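Next up, some structures in structure tokens.
One chain, chain A, links the two complexes that follow: it is found with chain B in the first and with chain C in the second.
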Partner chain A sequence: MTDLLGAYRPGRSVLHRIPAGPKLGLLATYGAIAVALHGPASAVVLLVVSLALTLVAGMPVRRTLRQVRGLLVLAVVVAAFQTWQRGWPVAVHVVGDLLALVLAALVFTATTPVDDVLTAVERGLRPFRRLGVRPERVALAFSLVLRAIPGILETARETRAAAKARGLERSPRALLVPLAVRTVGRAYETGDALAARGLGDD
Partner chain B sequence: MIELDQAAVTVETTDGPLVVLEPTTLTLDEPRVAVVGANGSGKSTLARLLNGLVEPTSGHVRVGGLDTVDEGPAVRRRVGFVFTNPDAQLVMPTCLEDVALSLRRTVRDKAARRARALEVLASVGLEAKADTSVHALSGGQKQMLALAGVLATDPDVLVADEPTTLLDLRNTRLVADRLLSLRQQLVLVTHDLDLAVRCDRALVVDAARVVFDGDPAEAVAHYRALVAAP
Partner chain C sequence: MSTVSARRTSSTTDLALVATFAALIAVCAILPAINGVANVPFTLQMFGVFLAGSVLGARRGFLAVVLYLVVGTAGLPVFTQGSAGPAVWAGATGGYLLAFPLAAALVGFVATRVARRSPAVFVGAVSLAAAVATVAVVGTLGTLGMMRALDVSASVAWGFATPFFVADVVKGVLAAVVAASVLRAFPQLARR
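Coming up: the complex of A and B.
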């Protein structure tokens, strides 16, 4: 699960060739469409479209499945809950949209080098510089968020192992408090490391 | 050249002010300076002073004539810093991307940036890992990559705070050999006394003070005596 996001796979597909900026725009539009459309039918269509995109991008099916394995478990739980609470059409709609969007995001990261994303975000935000926005910083923050997710998952796994070693795996406190402390501690360390590389000073 | 001029650090704690570093005056111009001392003695504080991550509460710290408080960004461009935990220092998905991140400011052209990043990776023996995920590296390789990320900014001084503490013997050797062979001035905080004696000068820090400053072998003897004393 550590490579849930951010793993670029070089290739020559159409999707690889769309420049990062427009591609980010397309991803946002796709998300907006998913939010705007309602009902199970549209969710299924979006899911099929997303799956097709992973194939167009040349992403191996097995690897993609492995990346979303954790999410599939969550999806089943959500689907069961929604079916019970609000009926199956809502369940299909919610879970279909969720998976479709995550897959679309995976397609984006698999076909776009981070360096290009940074440049695109910087360029896109340049007009806002006059309003006090610092494009380099926002771009850096953007990529850090992408990078932080696998890091936090890794920390969660370590924390759970540590709690288990002390027979505390059922205590939410023994899991959440150290997770929060470590995540914040690590964020500080990363901040220091970035400052020491002269990033964020601009 | 690094100068501390009556530099002191005090932090506010819930129990009132705590002196973390007593006023310290030093000039470091040897190529390789080691800093040793017990846990909590103030080594990291001293190290962090050198690139402005910690600001002196009184006195001054200057690197190459630049004040770390007044000219923070310029000092940080000049002073690289390697931390203990390589995981916290790596922020991009692949090795090449991580090094390229350091170059974004200085090398505008993408192809040139990639070429330069490959050169820097090669300088730490990681050229074959360019497109490898940073998660897939060993601890020693991660620390080498963190070093590459710093070397890419082309600093004049490198400060390393226990860079080998999390590494096994073999990786400690690799990382230490690389650090000690840098053309940059090196300030190395370490608990590894074998490394300390390979430097040109060593400081012993104890209870927020530099209690010995001089020949590394003598410094190590001094430190051992301190620990042995009741």
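Coming up: the complex of A and C.
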């Protein structure tokens, strides 16, 4: 089953030490630069920079390769198609940019814990309070999602086992109706529990 | 006094519903693909998006999908094939993700208007809305995203996008059927 801790790899590199908010800003800037630059040379430079970043972050090569396996297949197809249609410089530019951006984003994910990103998002929303955004409600919603996922996964396993026992494992309805109904019931319980504790209201 | 506490309960219930459905979409996306009709495996991410819209309505459904996307972008591996983080927006499928909240809102807008009609009318209208959302919203934004990421023409990108339409239309029908059962079990969901 999927590892719910995410793709974050603890470490002490300089990339791990940049706070989540500024790091997200750096990533966005890097993306903007990649979009602004044209030509095969800049794409190759960006790809080399991104590969260097994965090394600085201490990301294991095999794990990273596994993460981008699907993308590499796509890159080969696109490179062949663009070389055929518009020549190799365009192919290098398109595929180089694509791989450079995805790798840089993977470096961000590998060096930044999910909690830190969500806290940075909540902090980033504070200036919008006067527009009606309530950051503390957003933060509560984040923690509710993280708490609900394991329970719903368990419910999904149970309903699948129940459908199988009735010989209905091929019936999407027998699998999905109990899952959806129990999930809504769970949401109402959560809402009542929050209201009883005076949480989540204005 | 009683109106105040009723409003308070509905505000927290809405928050809980939005967060729980964000989690349900996540589970739908990461569950091992189920074997459906003719043993063709499919993941349920789109089903989860359509279900959020058809059960919660436009506003809450939209927010549930946005919440799901934010948590996944933050690094929780809740996208299909366990992918996560800002990388999903840089790849060829970013346009699809952008379309998900809008698709949920469109389906929810229709679902709210037929929630009190007979189940047959509800399932028909919501399935139709999901099919329209699949082609008009998901198809268009998915195509634009692919054009940007791969620098290909609209017709080539559209050609890549369309093979998934049939499966997504089926998932819309499935979501409508399941939503009708959910609304029967929890009639208070339609009261908004």
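Methods note: the second predicted complex is superposed on the first by the 126 of 202 C-alpha atoms of A that agree within 3 Å, B and C clash if a C-alpha of one lies under 4 Å from a C-alpha of the other, contacts with A are read in each partner's own complex, and residues count from 1 in each chain.
Basically, a contact is a pair of C-beta atoms (placed from the backbone, for glycine too) under 8 Å apart; a residue touches a chain by one contact, two chains touch by 3 or more.
Values in this document were obtained by computation on a predicted structure and should not be read as measured data.
Undergrad: Mind working out whether A:118 is in touch with chain B, chain C, both or neither, as first, second, both or neither?
TA: The answer is both, since A:118 touches chain B and chain C.
Undergrad: Determine, for the superposed model, which of the two partners chain B and chain C contacts more residues of chain A.
TA: C
Undergrad: Considering only touches as defined above, state whether A:137 meets chain B (first), chain C (second), both or neither.
TA: After superposing on A, A:137 lies in contact with chain C but is clear of chain B.
Undergrad: Touching A:10, do we find chain B (first), chain C (second), both, or neither?
TA: The answer is first: A:10 touches chain B but not chain C.
Undergrad: After superposition on the shared chain, which partner residues are touched by A:30: those of chain B (first), chain C (second), both, or neither?
TA: neither
Undergrad: Between chain B (first) and chain C (second), which does A:145 come into contact with in this model arrangement: first, second, both, or neither?
TA: second
Undergrad: Using the superposition on chain A as set up above, list the residues of chain A that contact both chain B and chain C.
TA: After superposing on chain A, chain A residues 2-3, 6-8, 113-114, 118, 144, 186, 190, 192, 194-195, 199, 201-202 contact both chain B and chain C.
Undergrad: Help me check something: in the complex, which residues belonging to chain A touch chain C?
TA: Checking each residue of chain A against chain C gives 1-4, 6-8, 24, 27, 31, 67, 70-71, 74, 78, 81-82, 90, 93-94, 98, 101-102, 104-106, 108-109, 112-114, 117-118, 121, 137, 140-142, 144-146, 148-149, 152-153, 156, 169-170, 172-173, 175-177, 179-181, 183-188, 190-192, 194-195, 199-202.
Undergrad: Chain A touches which residues of chain C in the complex?
TA: My answer: residues 8-9, 11-24, 26-27, 30-31, 34-36, 44, 47, 51, 55, 67-68, 70-71, 73-78, 81-87, 89-92, 149-152, 156, 174, 177-179, 181-182, 185-186, 189.
Undergrad: Considering only the defined contacts, which chain A positions touch chain B in the complex?
TA: Per the touch definition, chain A meets chain B at residues 2-3, 6-8, 10, 113-116, 118-119, 136, 143-144, 147, 150-151, 186, 189-190, 192-199, 201-202.
Undergrad: Applying the document's contact rule, which stretches of chain B touch chain A when the two form their complex?
TA: 51, 53, 72-73, 76-77, 79-81, 83, 85, 87-89, 91-94, 97, 100-102, 104-105, 110, 113, 131, 133, 135, 146, 149-150, 153
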